[in-house]
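Look for chain A in each of the two complexes below; its partner is chain B in the first and chain C in the second.
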Partner chain A sequence: MNPTLRLPGLAPLMLAATLAVLGVLIVLPLGVVFHQALAKGLGAYIEPLTHPDALHAIRLTLTVAAISVPLNAVFGVAAAWAIARFEFKGKSLLVTFIDLPFSMSPVVSGLVWVLLFGAQGWFGEWLRDHDIKIIFATSGLVLATVLVTLPFVARELIPLMQDQGADEEAAALTLGAGGWTTFRRVTLPNIKWALLYGVLLCNARAMGEFGAVSVVSGSVRGVTTTLPLHVEVLYNDYEFVGAFAAASILAGLGLVTLVLKTVLEWRHSGELSAGRRH
Partner chain B sequence: MNFRQADDTSSATALEIKGVSKAFGRFPALKNVSLQAKDKEFLALLGPSGSGKTTLLRVLAGLEKPDAGEVRFGDEDFLALPVRRRKVGMVFQHYALFRHMTVAQNIAFGLTVRKRSEKPSKSEIADRVNHLLQLVQLEGLDKRFPSQLSGGQRQRVALARALAIEPKMLLLDEPFGALDAQVRRELRRWLRELHDRAGVTTVFVTHDQEEALDLADRVAILKDGELVQLGAPNEVYEHPANPFVFDFLGQACRLRGVVEGARLRVADWESAAPTGAPQGAVEVFFRPDEVAFAPADGAGLAAEVKGVAQRGPDVRIDCLVEGAPMELVGHGPTLPPGVTPGLSVRIKPLRPQVYAAG
Partner chain C sequence: MTVAALAPVAGKPRTRWKEPSILPGFPLAMGWTLTYLGLIVVLPLAALVLRPWEAGLHGVWATLTEDRVLAALRLSFGTSLLAALTNVPLGLMVAWTLTRYEFPGRRIVDAFVDLPFALPTAVAGIALTAIYGPTGVLGEQFAQFGLKTAYNPIGIYIALLFIGLPFVVRTVQPVLQDLDREVEEAAQTLGATTFQRFRMVVLPAVLPALISGFSLAFARAVGEYGSVIFIAGNMPLKSEIAPLLIVIKLEQYDYAGAATVGLAMLVISFGALLGVNFLQIFLARRGRA
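And then the complex of A and B:
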């Protein structure tokens, strides 16, 4: 427990400033989203959500997340394992590269795939000859999403696994367990809450990503529009209620993520990354 | 002191380490180390941090692969076996208990991961766990988690877990390093008894010389990746092979002297040189409590007493011996009455060790 420092007169001022900023920047917009969505009644709110394009957008968003989140969970565990357990040349370089999607604009994460697989890209001709579609298709959306959400799981696991050390795994090996058994019975249970935490954040970002997917999607309504792109398409067509209704789903997703995240931090703080302990 | 003597002839060599070397990058952790442990022997690897003792233990466990050398156990080539087939029980300094498993699950782990054909039945496992809990005196704690145990209890669970697989050899890596002094001493005695009852060849790593001398049948002293001395506790304590070992095994007083023929001369004091002493300029080492006091006009090294302070059972005597400051240790009841601050006396080292001046 940190001791509380009291600065007379200053504390209420800082608190008020913080609350004001939070109110203007977070609570107000959230309120607007739900207010606009419900402005013309519940019927008008539900109707655009049951439109085939909206349903398709929801389905596509779920599909993209269902593919990219497991991929990144596997990658994250593998990368964290390699980094926390082994010494090899170029390790710090690898750690830096894992962080790259955080520091890079998502537009770039989308654009690289266009440069590689687009019609004018390096492999464009070959792909066309073999009738494989990546850009303006679901696979492109998945690639862009995977790249953007790459760091979430790994970043969560690396400090935790470094902190826990390899002794428990070494003990399991000396007791006769094989590599896979050790992973399943010792490593995985030790990191499960941190893994869940990383997957949660990864999922939220995967479903909400706009920049990267908008580059590879081409925004073909009802074909390659995920939920965030659907919101933009509707908004540009002046279908405000529909746009805000779709946005309210994303906002709801954000709130659910926040609650789950808080529960995890509260219940399992000891088993999350060292830096997140209270 | 320790009255056990290593028995050289009766039991067969169990563990044989030959010319083992290991480097981490450019840092040599082990340099051509060779030693043997007999069947059922309790061997201590003693050395300061960075001496390579833990690396050697991890080589025995299979957690590190040496760059060169041989490790044999019985008639098996240990280096050809992966960790899981060596059947060694390892105990770690920080316990390394599986934190999400109960005490009983921890102890049973080595049995439950066996192949189906070799796995004991559920009731056999439960019996074995109960037996081991009894052995380590933790009955009734089987449903606790490691985080609900004290350090000493955790280490006993770790030991039970290692013993559950009926190991061919027990490897202990500073097992008491994280415990406080009282618990340490209790567990030390208890571990020795357990070893004598279980009859498993045991290799024990420690940086605590008192622990090594108290526990082990033989002590291997390592320094900078090299084996500097191997012998029974009495042997290494009374005849340290070099100044490093002398210093490491206890407090040391040192003076310069000369050996001529069979005589050792330090300043104006002369005595018989220890057998095997090198000729010429030497360094003389002795323990601060292995001295006899004599009146100032007697024979011995001239010493001026500067201060006397009671320190628990011992008396610390600060003095200038032949002009050099030195700290001697006396035992209250045996201290001559003449030793008081400001007085000049003569002191005679009782068992000086002599090494060629380097």
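And then the complex of A and C:
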């Protein structure tokens, strides 16, 4: 790319200002996490991470993500198939509903489940009578996470599949392939990188989600605390090194996500939806 | 889409709401989509829309006019507005640098723009508090000038700057990339100054994207929780954001009150987005005229 609008004196200035803004606003917080976590040495960093509560939080975070992400991945594929491959009335309304969770406050995404399943929720009494616990339990964490991360995969797949069109699938069907074979051998290879991209973002958010799960969790230390909630519990107990140590794992997850996402954008830009091409 | 037009399938009855297609799987895909959306999005939202009215209009009004609720809504929407407005020039500058200048490490810098999306909000929250708190790297510096940058609305504003910046950059960047350079060059040839070229050629072209970026950053900021509550101080009437008030009301088992605040946030955000949309339409019309 050759810059044509030359702003001779301005270029170094703009570059410096941009690096300053990004450095202070975005990179500094990342550095601080690791700095604070290691402030009292490697021993003090590792010790809180091997605490049973921390290990439980890690396991719970992985469990919640392992349930939520596949659910939303399957939903994303189904929704993209319906929306990008067929013409029907009310399509834009459907897309609006799929996007809706992105414009809801995470707290509201947790609140709605309490309104349904909490002690005074619509189904609260019924659940109590049948001895089922959703709020303050793992299933509540899953529901909140599923709601927050619902659009990620669908949003990557719908524009891509609309761009690609249905010609290849139509050809396969015309040549006698069955529906599932066509999906497996034609559609899936065409969308695999975008699917991976969506799953990556979905997973990062699922593991890092805080607001929504904090509402439904009750934050019982060592029981319903996911890793981000564990960070909060430790921080509020003034166990700063422990809080930042736990936070550093999440920051590491964020960094790995960022690297993988960037690699996907560079290597497979042609196979991602238009907005993701670099 | 093209196939749907090409191939009406014999023997299949024409449904009025869906165009025929030779592709299979519509009932399964659509059925699953609707069931899933119904259970995960529509049913919970129905609870949010209906539950505030349990104590009647009176109850809703009583909640909305509580001093604490009004203060929280004002704070959330006010700081979000300020942060999103600040992010417009900042984001434009970052997007400009990333699209117009070649420099070593440009793609790495570009990748870092998305960090606020990738970093869990609670992590950002405690990190920002460590930086801007009274003993933090920057907080200490600002304190020397008598500026308190944490545990007050300024802290909230800083967290919202962090969370909103990528929205503006990522909406403006593709537009700047696609901008027809020939128009700029023509303006230059015709003797327009740098500033004139920016104001009269570049700005009108990126304005719709800037507005979209602004509204995305604003909408995200209004609902933001994790990155804000650690740095906010959470003093009732002073630095208590609306999402936190929802949590507090839930802890007091005031479900209707919590739902009222949640619904109010949703309605105000929706109204703001609608306003932004009208602004976009207005600008587009003026552009064509």
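In this text, the second predicted complex is superposed on the first by the 273 of 278 C-alpha atoms of A that agree within 3 Å, B and C clash if a C-alpha of one lies under 4 Å from a C-alpha of the other, contacts with A are read in each partner's own complex, and residues count from 1 in each chain.
Everything that follows uses one rule, which is that a residue touches a chain if its C-beta (ideal position, glycine included) is under 8 Å from a C-beta of that chain, and two chains touch if they have at least 3 such contacts.
For clarity, every value in this text was computed on a predicted model and none was experimentally measured.
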{"item": "Which of chain B and chain C A:I26 touches, first, second, both or neither", "value": "second"}
{"item": "Which partner reaches more residues of chain A (counting touched residues only), chain B or chain C", "value": "C"}
{"item": "Chain B versus chain C as contact partner of A:R185, first or second or both or neither", "value": "first"}
{"item": "First (chain B), second (chain C), both or neither touched by A:A17", "value": "second"}
{"item": "Which superposed partner A:A79 touches (first chain B, second chain C, both, neither)", "value": "second"}
{"item": "First, second, both or neither for A:L173, with chain B first and chain C second", "value": "both"}
{"item": "Which superposed partner A:P106 touches (first chain B, second chain C, both, neither)", "value": "second"}
{"item": "Touched partner set for A:Y235, first chain B, second chain C, both or neither", "value": "second"}
{"item": "Shared chain A contacts, counted only where both chain B and chain C touch the same residue", "value": "165, 167, 170, 173-174"}
{"item": "Interfacial residue positions of chain A with respect to chain B in the complex", "value": "165, 167-168, 170-178, 181, 185-186, 189-190"}
{"item": "Complex interface listing, chain C residues touching chain A", "value": "1-4, 6-7, 17-19, 21-26, 28-30, 32-33, 36-37, 40-45, 47-48, 51, 90, 93-94, 96-103, 107, 109-128, 130-131, 137-138, 161-162, 165, 174, 181, 184-185, 188, 194, 197, 202, 219, 222-226, 230, 242-244, 246-247, 250, 253, 255, 258-259, 262, 265-266, 269, 273"}
{"item": "For the chain B and chain A complex, residues of the former touching the latter", "value": "61-63, 83-90, 92, 94, 96-100, 109-110, 113-114, 158, 161-162, 164-165, 171"}
{"item": "For the chain A and chain C complex, residues of the former touching the latter", "value": "1, 3-5, 7, 10-11, 14-15, 17-19, 21-22, 24-30, 32-33, 36, 74-75, 78-79, 81-90, 94, 97-98, 100-101, 103-108, 111-116, 118-122, 143, 146-147, 150, 162, 165-167, 169-170, 173-174, 179, 182-183, 201, 204, 207-211, 214-215, 228-229, 231-232, 235, 243-244, 247, 250-251, 253-255, 257-259, 261-262, 266, 275, 278"}
